[in-house]
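By written order: A, B, C, D and E. Residues from 1 in each chain.
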Amino acid sequence: MLMGLFNHWVVIALMMIGLYIVIAHGNLIKKIVGLTLFQTSVFIFYISMAKVNGGTAPILADDIIQYSNPLPHVLILTAIVVGIATTALALSLVVRIKETYGSIEEENIQDQDNQTFEQSNSQKDSKQEKQA
Amino acid sequence: MIAHLPALQVHLPVLQVIIPLMAAPICLILKRAHPVWLFALITSGLAFVISVLLLQQVMTSGVISYELGGWQAPWGIEYRIDKLNAFVLLIITSISTIVLFAAQTSIEKEIPKSKHTFFYILYLLSLTGMLGIVATGDAFNVFVFLEISSLSAYALIAMGKDRRALWAAYQYLIMGTIGATFILIGIGLMYQMTGTLNMEDLSQRLPEVAQTRTVFTAFAFVIVGVCLKLALFPLHLWLPNAYAYAPSIVTAFFAATATKVAIYLLIRFTFTIFGLSFSFTTIPLQTLFMALGLAGIFIASTSAIYQKNIKLLFAYSSIAQIGYMIVGFSISSVTGLTATLLHMFNHALMKSAIFLALGAVMYRLGNVQLSSFHGLGRQMPFTMAAIVIGGLSLIGVPLTVGFVSKWYLLLALLEQGWWPVAVLILLGSVLAVIYVWRLVEVAYFKEPLSDQVPVKEAPMFFIIPIWTLIIANIYFGIDTRLSVQVAQAAAMSLFGVTP
Amino acid sequence: MDIVINISSGLCLFVGSFLCLSGGVGMLRFPDFYTRMHAAGVTDTLGSAMILIGLMIISTGFLVFIKLVMILLLGMLIGPTTSHVLAKAALHNGLEPQLGHEDADNKETTSSNP
Amino acid sequence: MIIAATLAIFVAMILAIIRGIAGPTLYDRILAVNMFGTKTVLLISLLGFVMGRPEFLDIAIVYALINFISVICVLRYSDTNEFKHTPDEKESTDKEC
Amino acid sequence: MINIVILTLLVVIAIAIIRMKDLFAVVMLLGIYGLLSASFFVAMDAVDVAFTEAAVGAGISTLLMLVVISMTGRREITTRHKPFSALFVVAITGFLLIYGTLDMPYFGSADAPIHGHVAPRYINDSMQEIGIPNIVTSVLASYRAFDTFGEVVVIFTAGIGVLALLSVVRRPEDPEQIAVINDSMHERHLVIRIIAKILIPFILLFALYVQFHGDFGPGGGFQAGVIFAAAIILYTMLFGLSTARRVINQSLIRLVAATGVLLYGSVGLATLLSGGNFFDYNVLANDPIAGQHLGIALIELGVGCTVAVVIIIIFFNFAARREMQLNNKKQHQDKKNKESSSC
């Protein structure tokens, strides 16, 4: 059992490390790194389930009878592309966030948002009081 | 070539997705914002026509299956249109077309001129993604199109003029990607146990292995992933900011369609793929979803009452409305599901009308803070009247669509004898009365602020689509035959009941 | 004939692996960046060349042989270039080579994340 | 012998990883990544022979190229002030503006 | 055996990534992680995937992250918020997954359900039905061509998204200034410039080889596109953005990106108008196999164009943004003259 499921368990460990980084770290780039780890671990999971003992790469040749399963490979090719697309978009968001907020730490950004929110609220409130 | 054109009828399922998809790169070639807008509008209209034809075809002749690449179903990708997806396709394309009509005017003030073309391209891609999710009959294809719609959604939301739009888009991106990856894991586990990706095939092969833990895990991952996209109550945190700071057009479009697509996915996965007996008898999904739905209604409605930003207010109200749909879904009876489907349609009508009207306010005033609404009832009478009627519909006042779906929801609950839940639903509507009333009070019963510049009524490009939606709101509230018939037929086909 | 091929390829592979290993050890044990780079740079090029030549000897198809030659050429071209560029950049950006005296500890504290 | 060579490459890779994690300077890490890259190229070539299908050496070529490009990229984009080595200069440019 | 070693190393690197505070080091480790997972894919027979992961995971995504870090700063501030609730969520998900694995088919067993049903047809019949040896390419480009179309659209969407977020209106450049920058760069990068000049044609040629060899070995449009883009990126890094922009016209490459998607789609439309289903290449020529070959070649070309161009667009926009920021900073503090360090 240990050998049969070792791959799956390591993949789970990797997934959880990725997920942990995404949730627990405040740095936006670190979060993206975590997301990449998370996605890559899913790729590893798919590819390990495609493997057949004694099989070889699914490219037909004359003297080979057993091949690994090609379908997960196809799916993961698509998923890798999706992954890089997400990363690129996320990074461009980070660049813009850095430009407008001057920081890429989650807490810092949320503090700034709360401040502006309260300011605008208090301004409006005072306006209303004047009106009354 | 022309000789083949009548035969295109057969290809409607794929054309539904391909036409907006191909239009997106053409927009990039057209380059200039004005022709691109016209082109996108025409494309979306065409998609609408196709979805009407599809619905007609499905209602008369049953399920349409279309094999892409000419490969037989489990080997190739299949498009499978039944009553449920035809109905959802119609919702998406109709709202998209109406909202797009107002787009050119609205984004003029919210997005820099140089980025208008990109806006329309992303809008079309987002539309494509949603249509693709709904039309496909292949589990992995769902993931691909989910990512198309999500990626374009992140970019669209980030185009909002407030800097908080960026932060909201980033949060949505993180949550959305986790959700999509969860769905990917779930699909992988299902594939591992059955060896197939086709939905129809999965539904036949899953019962054999339904008792394995792997299938349970797959179910859990898919459901959590979909619920993240759905913004179901404890996973809703990304939604309010994303809707509040996105450009108005984007909010109107997404509030009406994006969550509907996620609900469609939930129904598709639970009812079609895993099957009714697995989803609702083996797993306590019923109580769980009932509780989450009710909690969503109350907590979101209560937060809505305290909001000063009106877009944020209605964003929270959206979460509450999702709660109603989930309650209907969790009843797992034909009437309950009919109520959910009806509410999907009705909520799309009212929310897009409200958010478009807020877009008009944004166009004139530049913000949608509650304090700016002082006396707006007299300055922008048509826009404000639309918001009020939409609000009444949210509450569920008779003669509006909101009433119809809540009526069916109550019927379904009473059918099962769950009257305490029915009472809670009515209480939820009272909360809706409160938050709508706050807006009405400010807009109609307060004098304009002294330093406020008086504004004119919104331009025609806003008024026409808004009032189209409002009239639809009232029409479908009075003449319920069409919507109820379709929703009922779709619900029955999911339960395998013949009418 | 087979024996000759096998032995010569085995010899090449052995020498190559030994060089790679010693490079790795040097990379780990040497006191500062420049010496580490020396260890890695020198052994990398020759070690990979030996392993690739070993593989070439036992390769069967023509295409495989050509690809191995290409990898070898690329390695010869890229390895020294990166070493050169790396050393230049490090020197330019103010990383001083450690000359003669032992103050590795001091070095490490100033340069690692403060 | 091929298997022994593969093992040797693995050990060298592990040593490179340790250097990559330990640092301490930026350039040590770049060096580690570079060395790791060349070792991966060798590993892929060897794996092809171990598994009996050596015709996929294209991958090794791609690795070599990508490795080169990423090292160049690291050096190119580490030339802003923030990445300069001397500590006192670091402090001054560190403040966000 | 190999997989166990590689997986253990992957876990070690992942844990190191959690602990690191220096984002630069994190990205370096991520590059190593990408290379290692690509080696894992080779050991698992997934050569096409390894190809892509090497080019993308270790190449392009590391590259983009480095550019961004050079704009946003290198150090992570150490506060972690709610580590315990995060740990809780992670632990629950992890246990659920481990629970799910317990009655999973064992790794590598040939009689697992996944290897029955759908996959055998691809392995046994693709030669008769499609006529190319690389099964992955046949599935990718013909059986599941629509997924691949979706994939191209995803990357196109990302390109448009980056354009929408980052594109800046560029001022006309002062040719003298460019010449000055060029000269200083020339001195600094003399050696790599020469090497790159030798390498770039080779890389471009190799990209073409990968593009057209995808039917017989690992490779195909996507991988070729990435390699092509990598060559252009190398050129841009060494010869400057403005030079590269002069070589590669901006509006032209946007056109190419759109054309790639349209080419892919119009292959579908062509099949549709010749009486087949969407992407049914059999109707493209008299002989079904010839039709399949034609269809696959065309869509691979479409994929290659779009991917290459979109990655170039993404990189250019990041680099231009960085340049703009540097310029702004320079204007802010005029006292500090350009103190450029070199590599």
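We adopt the following convention: a residue touches a chain if its C-beta (ideal position, glycine included) is under 8 Å from a C-beta of that chain, and two chains touch if they have at least 3 such contacts.
Here the structure is a predicted model, which is why all the values come from computation and not from measurement.
Visitor: In contact with subunit A and with subunit D at once: which chains are those? Just list them.
Guide: E
Visitor: Chains shared as neighbours by subunit C and subunit D?
Guide: Chains in contact with subunit C as well as subunit D: E.
Visitor: Taking each chain's centre as the mean of its CA atoms, which one is most distant from subunit D?
Guide: Relative to subunit D, the chain with the farthest C-alpha centre is B.
Visitor: In terms of CA centres, which chain lies closest to the overall middle?
Guide: Smallest centre-to-centre distance to the global C-alpha mean: chain A.
Visitor: Need the most distant chain from subunit A, centre defined as the mean of C-alpha atoms.
Guide: The most distant chain relative to subunit A turns out to be C.
Visitor: Have a look at D-E versus C-E and report the one with more C-beta pairs in contact.
Guide: Of the two interfaces, C-E and D-E, more C-beta pairs touch across D-E.
Visitor: Averaged over CA atoms, how far is the centre of subunit D from the centre of subunit E? Could you give it in whole Å?
Guide: About 19 Å, centre to centre.
Visitor: Taking each chain's centre as the mean of its CA atoms, how far is subunit B from subunit E in angstrom?
Guide: About 32 Å, centre to centre.
Visitor: Just curious, how far off is subunit B from subunit A if you go by their C-alpha centres, in Å?
Guide: The mean C-alpha positions of subunit A and subunit B differ by 25 Å.
Visitor: Where the centres are mean C-alpha positions, what is the separation of subunit A from subunit E, in Å?
Guide: The mean C-alpha positions of subunit A and subunit E differ by 16 Å.
Visitor: Which residue numbers or ranges of subunit D touch two or more of the other chains?
Guide: As it turns out, subunit D has residues touching two or more other chains at 13-14, 23, 30, 32, 51, 55-56, 58, 61, 65, 67-68, 72, 75, 78-79, 83-84, 96-97.
Visitor: Among the residues of subunit A, pick out those that touch two or more other chains and give their numbers.
Guide: Counting only residues that touch two or more other chains, subunit A contributes 15, 19, 49, 56-57, 59, 61, 71-72, 75, 78, 82, 85-86, 89, 93-94, 96.
Visitor: Specify, in ascending order, the residues of subunit E that touch 2 or more different other chains.
Guide: Within subunit E, the residues that touch at least two other chains are 22, 45, 47, 69, 73, 97, 101-102, 104-105, 112, 114-115, 118-119, 122, 144, 147, 150-151, 154, 157-158, 161, 165, 192, 199, 217-218, 341-343.
Visitor: Does the chain-touch network form a line, ring, star, complete graph or other?
Guide: Chain contacts: none of line, ring, star or complete; other.
Visitor: According to the definition already given, which pairs of chains are in contact?
Guide: Once each pair is checked, the touching ones are A-B, A-D, A-E, B-E, C-D, C-E, D-E.
Visitor: List the residues on subunit D that touch subunit C in their complex, please.
Guide: It comes out as residues 1-2, 4-5, 8-9, 11-16, 18-19, 23-25, 27-28, 30-32, 34-35, 38-39, 41-42, 45-46, 49, 54-55, 57-58, 60-61, 64-65, 67-68, 71-72, 75, 78-79, 83-87, 89-90.
Visitor: Enumerate the contact residues on subunit E facing subunit D in the complex.
Guide: These residues of subunit E touch subunit D: 2, 5, 9, 12-13, 16, 20, 22, 24-25, 28-29, 31-32, 35-36, 38-39, 42-43, 45, 47, 50-51, 54-55, 58-59, 62-63, 66-67, 69-70, 73-74, 192, 196, 199, 203, 206, 210, 213, 217-219, 223, 227, 230, 233-234, 237-238, 326, 329, 332, 339-343.
Visitor: Could you pull out which subunit B residues touch subunit E in their complex?
Guide: 1, 4, 7-8, 11, 14, 18, 21-22, 24-26, 28-29, 31, 66-71, 74-77, 114-115, 118-119, 121-122, 125, 128, 132, 138, 140-141, 144-145, 147-148, 151-152, 154-155, 158-159, 185, 189, 191-197, 205, 209, 212-214, 216-218, 220
Visitor: Taking the touch rule as given, give the residues of subunit C at its contact with subunit D in the complex, in rising order.
Guide: Touching subunit D from subunit C are residues 9-10, 13-14, 16-18, 20-21, 23-25, 27-28, 33, 36-37, 40, 44, 48, 51-52, 54-55, 58-61, 63-64, 67-68, 70-71, 74-75, 78-79, 81-82, 85-86, 89-90, 93-95, 107-108, 110-112, 114.
Visitor: Inside the complex, what are the residues of subunit D that reach subunit A?
Guide: It is residues 51-53, 56, 96-97 of subunit D that touch subunit A.
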